[in-house]
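Encoded as C-alpha cells, the structure appears first; notes follow it.
Order as written gives the chain letters A, B, C and D; numbering starts at 1 within each chain.
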Amino acid sequence: MTTTKPAPILTDRYRSVRELTEHLAEPISPEEQTIQSMPDASPTKWHRGHTSWFFETFLLRSELSGYEVFDEAYNYLFNSYYNAVGERLARPSRGILGRPSSATVGDYRRRVDQAMAALLDTAAGRRANVVELIDLGLHHEQQHQELLLVDIKYTLSQNPIRPAYRGNTLAPTPAAPLEWLDVSGGIFSIGHNGDGFGFDNELPRHEVLLDPFRIASRPVTNGEWLKFMDDGGYRRSELWLSEGWVTCGAQGWSHPEYWISDDDWHQFTLDGVVRLDPDEPVSHVSFFEADAYARWSGERLPTEFEWECATRRLSPAGPGDGINSLDSGRLHPGGPTDGNRLYGDVWEWTASPYVGYPGFRAAEGAVGEYNGKFMVNQQVLRGGCCLTPANHMRLSYRNFYQAHTRWQCSGLRLAR
Amino acid sequence: MTTTKPAPILTDRYRSVRELTEHLAEPISPEEQTIQSMPDASPTKWHRGHTSWFFETFLLRSELSGYEVFDEAYNYLFNSYYNAVGERLARPSRGILGRPSSATVGDYRRRVDQAMAALLDTAAGRRANVVELIDLGLHHEQQHQELLLVDIKYTLSQNPIRPAYRGNTLAPTPAAPLEWLDVSGGIFSIGHNGDGFGFDNELPRHEVLLDPFRIASRPVTNGEWLKFMDDGGYRRSELWLSEGWVTCGAQGWSHPEYWISDDDWHQFTLDGVVRLDPDEPVSHVSFFEADAYARWSGERLPTEFEWECATRRLSPAGPGDGINSLDSGRLHPGGPTDGNRLYGDVWEWTASPYVGYPGFRAAEGAVGEYNGKFMVNQQVLRGGCCLTPANHMRLSYRNFYQAHTRWQCSGLRLAR
Amino acid sequence: MTTTKPAPILTDRYRSVRELTEHLAEPISPEEQTIQSMPDASPTKWHRGHTSWFFETFLLRSELSGYEVFDEAYNYLFNSYYNAVGERLARPSRGILGRPSSATVGDYRRRVDQAMAALLDTAAGRRANVVELIDLGLHHEQQHQELLLVDIKYTLSQNPIRPAYRGNTLAPTPAAPLEWLDVSGGIFSIGHNGDGFGFDNELPRHEVLLDPFRIASRPVTNGEWLKFMDDGGYRRSELWLSEGWVTCGAQGWSHPEYWISDDDWHQFTLDGVVRLDPDEPVSHVSFFEADAYARWSGERLPTEFEWECATRRLSPAGPGDGINSLDSGRLHPGGPTDGNRLYGDVWEWTASPYVGYPGFRAAEGAVGEYNGKFMVNQQVLRGGCCLTPANHMRLSYRNFYQAHTRWQCSGLRLAR
Amino acid sequence: MTTTKPAPILTDRYRSVRELTEHLAEPISPEEQTIQSMPDASPTKWHRGHTSWFFETFLLRSELSGYEVFDEAYNYLFNSYYNAVGERLARPSRGILGRPSSATVGDYRRRVDQAMAALLDTAAGRRANVVELIDLGLHHEQQHQELLLVDIKYTLSQNPIRPAYRGNTLAPTPAAPLEWLDVSGGIFSIGHNGDGFGFDNELPRHEVLLDPFRIASRPVTNGEWLKFMDDGGYRRSELWLSEGWVTCGAQGWSHPEYWISDDDWHQFTLDGVVRLDPDEPVSHVSFFEADAYARWSGERLPTEFEWECATRRLSPAGPGDGINSLDSGRLHPGGPTDGNRLYGDVWEWTASPYVGYPGFRAAEGAVGEYNGKFMVNQQVLRGGCCLTPANHMRLSYRNFYQAHTRWQCSGLRLAR
C-alpha cells in the first residue's frame, strides 16, 4: 500500500467516496437496509456502519486527539473479520440489528466524516502512514459500494414480490463479434508497479514465464450461454469439475442466478425483471459453471497472469472512459460502450487459485488481515464489473471468491 | 366455535382488538418490525399483516360484495399455514420481506378495517356463521398479540446491545407462600361448555375420571428454580427425560432463557435487563426443564384435566380482575396481584400431550387447519400469561407448544 | 415387575431364550453382524453383546461371588442408554466395532451363560429380587430378538444387491373380511394385573372411563393401502398432521417402507424381494401414515385403552395359539392363521401418546431407565408382531416409537 | 501415461502388486474389512474389490474375448467415481456392503487375476494401449495400498478399544539436525519427462521461472511441533488462514490427529498406542495446520515447483534405497534411515493449489476422470510416505488432498 496523494485532493476524494455510499443506499428503505438474506449478503445498514467503523478504528481512535467514540458497542457490531481488533458479531447474524436504526447509522457516518475532516486538517493527517490508511479506507469503502449493490440485489430477489432497486429501462447491448487477440510469450512482470494505490496482495511485483496464448476480445454472452444450456451443459457430468458437479446437483442449478424461465427467458436486475438480452455478457455464474462452459467450448479460462499480461498490452492506459463501471450508472452488464471490453461489465473468473505472490507478506497489524488470510480455496477474478467504481479498477487488482459463489456480478472470458 | 354476541358489541370489540395490535407494535421501529430472529419468531410486521389477511381471506373476499383485494401477493406472503388457501412463503423466510413496508402494512390494516366496518353494517355481517368467523378472527388476533410480544422479546434479546421494548420500572413481587389445594376425585366434565367463544380443540365436552389430587396454589418461582440449579438440576441426567437431556446438552442450557449470570442473576425483559426477582414465577422454561424440576422436587406436573378441574372449583367465575394479564400492562410475570394465581403470569406446562378430545372433528374448510393438524408431539399449556389479553383466557383454553421451546412465557405449577 | 416363577423353570427359560438369540443370528455373516445402517438399527453383534452385558451388569457383578468380568471395555461398548452405569459408546457409533469379533461375542455369551447357570444354582439366584431381574433380562432379550430382526432387515435392504436373510417361500394370506366389533362403554381397569411379568410402564393398574366404540376385526391390508395411495393419499395435505406432512415431503414417501414399484408392486422381506400380497396386513408404515390413512378412511385409530379393553373381551385367554408370532416362523405379516387377529402380524399404532399411567414411578436404580425416561414425543403401539416371541406378548404390553419411524414392523387397525 | 515395459516383466509386476494388496489386508478381520468409519475412509474389502473392478472394467471386458463378468452388480458397487462407467454406490455408503463377503471378494480377485494372466499371454496383452492401461491399473492399485492402510488406521482408531493392526515395536528415530539447502533460481523444467510411468496430471512438462530459495533438509518433527503447541499455536488466530481458523475451532483441534494426551504424549499407530517420539517427522496434520506452523516459524511452505526442483538436484537418482517407504515395513514415519529425507516418511504439503499444468488435457475416456476433475480446492503434496510403495514414488508425482484433511500420513518441510 503506497500512495503519493497530497491531502487536499484526498479531502475531496474522501468526501466524494463517502457521499456516493449514502447516495447508493438512498433508494433502499430502512426495512430493506436491515435484512441479511444469506450469510454472504450483508445488510445495507451494516455496510454503511462497517465502512465508517474502519475509519474510526484504524484512524480516529489513534490519530485524532480528543476523538470521542460514537458508541463502543459498534466495535463489536461493525467489525467484519479483524481478529486483532477483538470479538465481533458473527457474520451470519448481521440481520439481527434492528438497532442502530438506519437513521442512527447516518448520524454515525456524519460524526465520522466530521472527525475525518478535522483529521485531514491536522499535521497528523498528512503523515504518510495516515494518508496510506485513509487511502486504504477509501478503497475499502469502494469495495463495499459494490458489495452493497450485489447484496441488496440478492436480498430483493429473494422477496417473492421481487421489488426493484430502481426503475430505469435498460438500453439494449449492441452485438459485438468475438475476436481472438494474440499475445506472445516470454517473461513478464506481474503485480503492482508502485504507482498509486494497491492492496498488499498485488505485491511483490515479480516475473512469470508465459507461453504464447490467445484471449477473447469480449466476455461470453447470454446468447452463447444459452447454447451451452441447450447442449445439456448443466446435465453432462463430463464437462464439470467433480466438486462443481456435486454442487450443481445439490443446488439444482440449471441456469445462471437471477435467470427466470417463462415463455421466454427473463432476468432479475436492479431495475426489476427484464427480458434477457442475448448480447449482454453473462453474469452471476460460479467458477464451477464458468469452468464447465470453457470445457464445453473447447477453450479454457485464462490464468490471472495471462489476463494481466494481455490487458497491459491492449489497454495500457487503464480502464479509461466509456467502459461499463459504476460510474456509467447502468448497474448491469452490457449496454452501448465506446471503451474496450477488458475492464467493466463483469468480474472475470480466471483459472488461477488465489495464493500469495512469491515473497508475499501481509501488512503489519490488523489491516494485515485484509487479504492474506483468505489465500486458500478461492479463485482470482479480474477486471471489475458494472458495479465497481472506475477509479477502483486497475491492472493488478486481484478480486477473489469461492468457486461456488454466484451472487457477485461474475462472468468469464475465454482463452486458448 | 359458537357465539351469541350481537353485532354492535362485535363492532366495538373488533375496533378495540385491532387498535390494540397497532398500539402494541408502536414502540417497535420499522427495522425491528422486519426481523425474524429464528424460525418460530415472526416479524412484528408479519403479525400485523397476517391477522389482517385472516379477515380479508375468510370474510371480505366472500362476504363483502365489491371488496377489492388490497394486493393479491399478500395471499402468498401472509398465509401462515393454511394449505387449503394455497402456496405460501415458507415460515423461516418471513424475515425477507423488506416490502411491504411497515407503513404499507398499516395501510393494509386500515383498508381491511374499513371494509370490515362495512361488512358489520350489512345483513351478511349478522349471519351466524359470519359472526362466528369474525369472533374467530378476533381471538386469532389476540393470540397474535401475545406472539407479537414474545417474538419481539426474543428478537431484541438476540441483538448484542439488547435494546428494550419499553423503559418501565418493574414493581417487585410480594412473596406468596406455597399452599397445597385439595381436589377430590370423581367423574368430571372437561372442555368448552358452549357459553361464549371456544376453539374447536376444546370440544367435544366429555367426561374424565380423576383420582383425588393436590395442586399448588401458585407457580414455581425464580427463587425455587435457583435451588434446583444449585442442586445440579441441569447436570443430573437422572432428573430428565431422555430427549430432554439430549436437548439440554445440545443447547447448552444451564438456566432459563433470558437469565444472565453476572455477579448476581439478571434477566432480559421487555423493559430491558433487570435484576432477577426471586419471588416472581419462573418463566421461559421448556417442558423438558419443567418436567425435570418436578421430578427433582418429588412432585409432578398436573394433567390438563386436573388443571381444568381444580380451576373450575377454585375460580368458578373465570380469570376475574386483578390477575397479571396483558391488560395489567406489566408485560412480565409477577408484581402485586389481588387476584388468584391460576390465570395469568405464565402459561403452565401440563403433563398432557396435545391430542384431540374423544370424538374431535376439525372445523370444515380452511379454518379447520387452525388446531387439529398440530395434535402430535406437543404438550398442552393452560392458564394464560402476562401477555395474554384477559378476555382471551378461559377455563377450557388449550395452548400447545413443542417440549423444547422456551421463547413463550411458559412456567409451571406442581401437583402431587 | 413381579414374578412367581420358581428357579428350575427359569433355568430352562433362560437357556431357551438365550439360545434363540444365537439361532436368529446364525444366518447373518460376521460382516453383516457388524454393520449399523442407520442410528436406530444396531448391529446384530451389538444386540448379542448388549443382552449379555445386561446380565453381567445387573446380576453377575453383584450377585455371583467370584465372577470375573469378561472384558471391562464392554461396559462402555455394550451399554445402550443407562446413564447410571456410566459413559457409553454413542448410539450412532455402534458400527465402528470391528472388534470384538462375532466369534468373541459368542465367547462372551457363553461365559455369561455359564455364570448365570451357576448363579441360578445358588441361594442368591432364588431371591425374589434376583429372580425378578433375571426375568426382566429375559424379556429384555426377547425385545432385542425382535429388534435384531427388524434391524438386519433394514440393513440388508440398504445393500444395493438386497441379500435375503433366509430363502423361504411365503405362503399366501387368505382374504379376511373386515368386521366391526362393538364394545360397550364404562369404567375399565387398565394396566398389568400382577399376574406374571410386566414392565414398570404397565403400572399402576388404574381405571379409565370409555365411551362405547367399534373396532375392526383385523388390521388394514396392503390392498386397502393401495386404494389410499391410488386416491392420492401421499399427495393430499388435508389428510395429514402438519408434522407428518412435512416429514412425508422431506423423506419423499409415496408408499410404505420396503415397497418396490416395478411393473407390479413388490416388497423386500427377510426372504428377499417378493410380490406384494394384497391380503397381508400392511406393515412398515409410520404413525404419520397410519393417522393419514385413518383420516382418509373416515375412521380413526383406537386409543391404547380401547385396544386393551377390546382385546380383554375378545381374547381373554391372551395371544393363544395359531397367531403369527416369531414362534410361527413366517417372519412376515400374513399367512394362514387359525387364531384371532388381535395379537401378532404387526404392532398397531394407537392414537395414544406414550405417557406414564397416573401415579407411575420408574423402578429404582439403573433399570428404572428402562421405560420411564422415554415418555414424551412417542406413540404407543399394541399387540406384538410376527417377529415378537409369543410369550413376550400380553394384554397390557405398551410398545412405543417415534411417530416418523417405519423400520419396526408396524401397521394399524381402525376404530370408529 | 507412457510406458515401455515388455510383457514378461509386467506379468511379474502384476502378480507382485496384486499379492501385496492381499498381504496387507490379511491382518484385518472380515468384520473390520467391512467398516467405513467416515466418508473418506473406505472399507478394506472395498479397496480390494475396487482395484479388481478397475482391471475388469477397463481391460477384461473389452480386451479378453470370452471373459465372463464375475458379478454385474459389482460395476455398481465398486465404481469409485467414474461417471462415464455409469451409476454407482454413493461414496459414504460403502460401509453398507455386508455382502459380498471378504471371502467372496477374494474369489473375485482370483478370477480377475486368472483372466489378467490369460490376457497378458495374448497378443492383445502386448498392445501398447493395453500395456499402458495395465500399468495404470497397477499404479492405481499401489495408490489404494496406501489408502487401505491409512483408512484402516483411522477405522481402528475410532474403536474405543483401539485395536492394533500389527504388534511390532517401533525402533526409535535418531535425531537429525536441520540444515538449509540452497537452490539457485532460473528457468526449470517441471513435470514428467516421459521415462517410465506417469499420471496425466504430471504433464505437460513445462518451464517455470523460480527465484533462488532454501529448503529444509528434513521434515518438521514431533518435537518441533510440540514447541508450536506450547507457544499457543492452536490458539492464536493470527497464525492461521481464515478458513483454517474456523475449521480448527469447529473441529476442536489442539494437536495432530492420533496424538493422545496422557501424563506424557502418546500416539495411535498401526502398532497400537506408543509413546510419542520427538525426533520422528510429525504426521497427520492438515494443510491448515502446516501453513500455521510455517507462519509461526517465520518460514513458509515450498511450492511444488521448488520441491521438484530441489529434489531433482539433491536426489537425481530418485527415491533410492534406505528410505522409509512401504517396502521398509515400518508403517510409520521415522526410524533409522540411510537414505535422504526427501522421499518417504510423510507426504509433504506444498504451498501449491492443485491445478492443471499449462496445456493440460485429461486422458480420453473414463480413465480421464482419474485426476483432472479434482483440480480445484485441493493442495498438492509431494514425496511419498512410509505407506507408499517405493517404486510408486517419483520426482514428478503430484498427490492432492483438501486442506482440512488429516487422515493421510501428511507432514511438512519448510522453505524460506
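In this section, a contact is a pair of C-beta atoms (placed from the backbone, for glycine too) under 8 Å apart; a residue touches a chain by one contact, two chains touch by 3 or more.
Computed from a predicted structure; not experimentally measured.
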item	value
Distance-maximising chain from chain A - centres being C-alpha averages	C
Centroid distance [mean C-alpha coordinates] between chain C and chain B, Å	38
Euclidean distance of C-alpha centroids - chain A vs chain B, Å	47
Centroid spacing, where centroids are CA-atom means, of chain A and chain C in whole angstrom	60
Those chain pairs that satisfy the touch definition	A-B, A-D, B-C, C-D
List of chain D residues in touch with chain C within their complex	29-35, 37, 45, 73, 76-77, 89, 93, 95-99, 101-102, 155-156, 158-161, 163
Residues of chain B that touch chain C when the two form their complex	81, 83-84, 187, 206-209, 211, 237-238, 240-245, 287-288, 291, 351-353, 355, 358-359, 369, 373-377, 379, 403
